[in-house]
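Can you keep this structure in mind? I'll have questions shortly.
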Amino acid sequence: MDVRNLTCIGCPLGCALKVEMENGEVLSVSGNTCKRGDDYARKEVTHPTRIVTSTVAVTGGDIAMVSVKTQNDIPKEKIMDIMKSIEDIKVEAPVHIGDVIVANAADTGVNIIATKDIKKVG
Amino acid sequence: MYDVVIIGAGVTGSSSARELSRYNLNICVIDKEEDVCCGTSKANSAIVHSGIDCKPGTLMAEMNVKGNELMEPLSKELDFEFKRNGSLILCFAEEDMPHLKELYQQGIDNKIPDIKILNKEELHEMEPNISDEAVAAIYAPSGGIVCPFGMNIAMAENAYDNGVEFRFNTEVRTIKKIEGGYELATNNGSIRTKCVVNAAGVYADKFHNMVSAKKIHITPRRGEYCLLDKTTGGLVSKTIFQLPGKYGKGILVTPTVHGNTLIGPTADDHDDPESTSTTAEGLAHVCQAATRSVPSVPVRQVITSFSGNRAHEDNHEFIIEELSDAPFFVDAAGIESPGLTSAPAIGVKVADIVCGLLKPEKNPAFNGTRKGIVDPKKLSEEEYAKLIKEKPAYGNIICRCETVTEGEIIDAITRSLGAKSLDGVKRRTRAGMGRCQAGFCSPKTMEIIGRELGLSQLEITKNGGKSNMVVGYSKKSAQEV
Amino acid sequence: MSSYDIVIIGGGPAGLAAAASAKRNGIDSILILERDSQLGGILNQCIHNGFGLHTFKEELTGPEYAKRFIDQVEELKIEYKLNTMVMDIADDKTITAMNRTDGLFKIEAKAIVLAMGCRERSRGALNIPGFRPAGVYSAGTAQRLVNIEGYMPGREVVILGSGDIGLIMARRMTLEGAKVKVVAELMPFSGGLKRNIVQCLDDFGIPLKLSHTVVDIRGKERLEGITLAEVDNHGKPIPGTEEDYTCDTLLLSCGLIPENELSRGIGVDMNAITSGPSVNESLETSIEGVFACGNVLHVHDLVDFVSEEAAAAGKNAAKYVQNNCTMGEAGKEIPIIATDGVRYTVPKTIHVNRMEDELVVRFRVGAVYKNSYITTYLNDKQIIHRKRPIMAPGEMEEIKLKKSELEAFGGLENITVKIEEA
């Protein structure tokens, strides 16, 4: 039996979680104070995921960069692939919150969307 | 071929340049740094000493007293901050009273005006926050405080406006005697001149020794300081010294012309003129020793600490003369404290020596008046409102802590010998010198420097050389076209 | 001179929420003064997610969270001025402000809400010895450079301080291709949220060294390296534990300081622990009609609590204006005593007759406590005894006081909030 100790990231409480596993199967989760902790622990030991946030260059806007995020969480091991997918992207102002910047980024099935409004200037 | 090349754009070199610009001379000031006021002149006590503690009869004493006298008219002529706030030298023990009295007598011998010994009661009435341990003090009303950057920059700007050339990022490697003068080999080519003024601070011995068989030796003497928040402004009104010991004037506590409190310096001899690092021990000593004079010094209000090197010559005396074995090579060497105070007088003396050699005509176009950067805080509300109307950039605050406007920063960059770096802007306007230490304003100041000088942000430096503020773009696609 | 019922100094999360709340509580004449070129304050550069779980029950990024409040301000047609710096607030609540277009101007206010936020502790304030090269940034300055302007402050990074901005920047710099070598923390515990340690450091294998500090900074022009050392229980470096790191960037995330220059200018009483104004149950400072909320009052851990607090401040400011510039009968002012591990409370005093039915009292603890109790006493009578599995200085705690309970208690002299260990 494997034991994995985690810190829950579901909320600021940061519960110390203990996950007991055997052959890749979760046997039990303890230490959590809510359902979110249980969900997080099971996911984290089998297929961990993260939201990725970054910025993309903008032309013709009131500021140089627009902030973006993956619309949903993506597999943790794909974080750097997501970053690569926006390395060369340049969007034109105006940009609105929720605009799709990259569809199906790094083949995750998840879109990268803008998280800030950028006004067009000039 | 230049008539005069001055090595060093600190206070000594800049004062000499300004005094020499009164004459029809072809003058060039060279400095290895990117701006004026980058060495000892930028990191010191910012004190205009009364001159009590100079040994009577020395050149140091003479220059100190003359420099002190010249400072006030000069500050008006050149528009820099100076205040004659007076100074106190504290005595902490009855058994040291003879020493205090000797010092008082020395002050009389040096002809320091209006000095007197205060008893404990008079002392505490004058400065309520002084330690109860202080039993007496010498009061010197002629002591003062000055903005060292303001003074150095003002003298250099005025010299420039009167025709003196300045070459920065130019480091002298060798000096060779040639027919009718000297040839200076630098990283930016060679420069020929009839006369050299050696105002190179901690490097003055190096250049002296290149041309003279009579060697001198200068030791960089580190002084560490802590600058306290403006909320400590009223702590003391006078500059508070402790009775001097072997290594200079002890730890002082002084208001600055801008309303902060400055404590320091340590005195620590070392061998690297480039080393301006502070040390944990030094800073701890400064904070601890300052509380001896003023027990309530709020050392938690430190906003920055810094260190500078005094150019301590082995004989602890200014050397201001033409070298006996190197004609037309004029030293202004060994300029340690009270060098800042003495600078106006040293400039005059250097100019006298050089004029004796070159016998120049007067410069009829010389204009000794210079206007500094307008500080809107000193204007009336009506004047301020009018200024913003004319130049809206004065309505845009860039540095919140010191309330410095975009207008002032633009002026600092675009005026004679303008700022090229963040530190250059800081020394001219105080942007970034306040309690947040440029946390908020540096990105904005970088943008203004870039715009005014046509530089990419990647080229903007803190203080020239390789001190770039940013190293690249976060995304390839963010690169400017 | 123009005049407004309520002037709000600062258009960040606190100012926006205070304005929206004041408007909803019946005040039409409101003006927000913001020094930056956009509303939203520091949230604009906090592009990471994790905001709004309490308020909106979803995880938003900083700009998205800000947008929700900016939209409210726009929809409520609340007036604001951008790029406008408040220079001074006079005793009679006359505000002197300045910008490029209006120049220097004055505004009369019946009530003022202070919402200026905070700034980062600088290298100078930390008094770290060494050289002063380029490459030493506060974490927030670096965050602005990367996220708003698109520049990299450096490539090889050491971070001092494990506050949330420092942790967030460790991940941010890593994602953009920099190598973050270590995060050092003077205290034996992190000042940031645990989830940030997991997501920002552990995910990228960045080591966190607790009880460590920077003892030397090298490099004459650009930063070349730093020295870390372990510290003892008093925070003093232990000789012999020094380790050198080569780096071109040192980011400092060593605490936030409320920006109260204006507050001090008008002379409000300050709380030495929070560095913010001392306020009563109405979030009113020692000067009547001057309210404070958000990070200018005390540094918060989550923006959700800033919004909540600011809404209360806005509502109280509205009440003050509607009530002919008074909060009503004062009654007795009951002090809240923070002791035994509770560093401070906001509010610091309570007029029972003026409080809402339920009043949230927020505070921070001074050390890490496990399985301990938050307790509250009215005089000597315990009314709250709540177990908390873990409490840490990096996270805010709260209790709720009920007006009915306080009213029913005869002879109330003081309220004590403290931690009782198991």
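When the chains are written out, they are named A, B and C in that same order, and each has its own residue count from 1.
The criterion applied here is as follows: a residue touches a chain if its C-beta (ideal position, glycine included) is under 8 Å from a C-beta of that chain, and two chains touch if they have at least 3 such contacts.
Every value quoted in this text rests on a predicted model; they were computed, and no experiment measured them.
Peer 1: Comparing chain centres built from Cα atoms against the global Cα centre, which chain wins on proximity?
Peer 2: C
Peer 1: Highest contact-pair count belongs to which two chains?
Peer 2: By number of C-beta pairs in contact, the leading chain pair is B-C.
Peer 1: Roughly how far is subunit B from subunit C, centre to centre by C-alpha average, rounded to an integer in Å?
Peer 2: 39
Peer 1: Which integer distance in Å separates the CA centroid of subunit A from that of subunit B?
Peer 2: One centre to the other, that is 53 Å.
Peer 1: Counting only Cα atoms for the centres, state how far subunit A is from subunit C in Å.
Peer 2: Each chain reduced to its C-alpha mean, subunit A and subunit C end up 26 Å apart.
Peer 1: Where does subunit A touch two or more other chains at once, residue-wise?
Peer 2: In subunit A, the residues touching two or more other chains are 55, 57, 64-65.
Peer 1: Pull out every residue in subunit C that's touching 2 or more other chains.
Peer 2: Touching at least two other chains: 146, 148-150, 176.
Peer 1: Scan subunit B for residues touching two or more other chains and write them down.
Peer 2: Touching at least two other chains: 474-475, 478.
Peer 1: Considering the complex alone, what residue numbers of subunit B touch subunit C?
Peer 2: Where subunit B meets subunit C, its residues are 226-227, 231, 274, 276-280, 282-283, 302-306, 381, 384-385, 388-389, 392-393, 395-397, 400-401, 403, 435-440, 442-443, 457-458, 461-475, 478.
Peer 1: Tell me, which parts of subunit C touch subunit B in their complex?
Peer 2: Touching subunit B from subunit C are residues 35, 83, 85, 87, 98-104, 119-120, 122-125, 127, 129-134, 138, 140-141, 144-146, 148-155, 176, 215-218, 220-222, 237, 248, 259, 261, 264.
Peer 1: Which residues of subunit B touch subunit A in the complex?
Peer 2: Subunit B residues touching subunit A: 474-478.
Peer 1: In the complex of these two chains, what residues of subunit A are touching subunit B?
Peer 2: Touch residues, subunit A against subunit B: 55-57, 64-65, 86-90.
Peer 1: Which stretch or stretches of subunit C touch subunit A in the complex?
Peer 2: 37, 44, 47-49, 53, 59-64, 67, 146-150, 175-176, 193-195, 197-199, 203, 301-302, 389-390, 395
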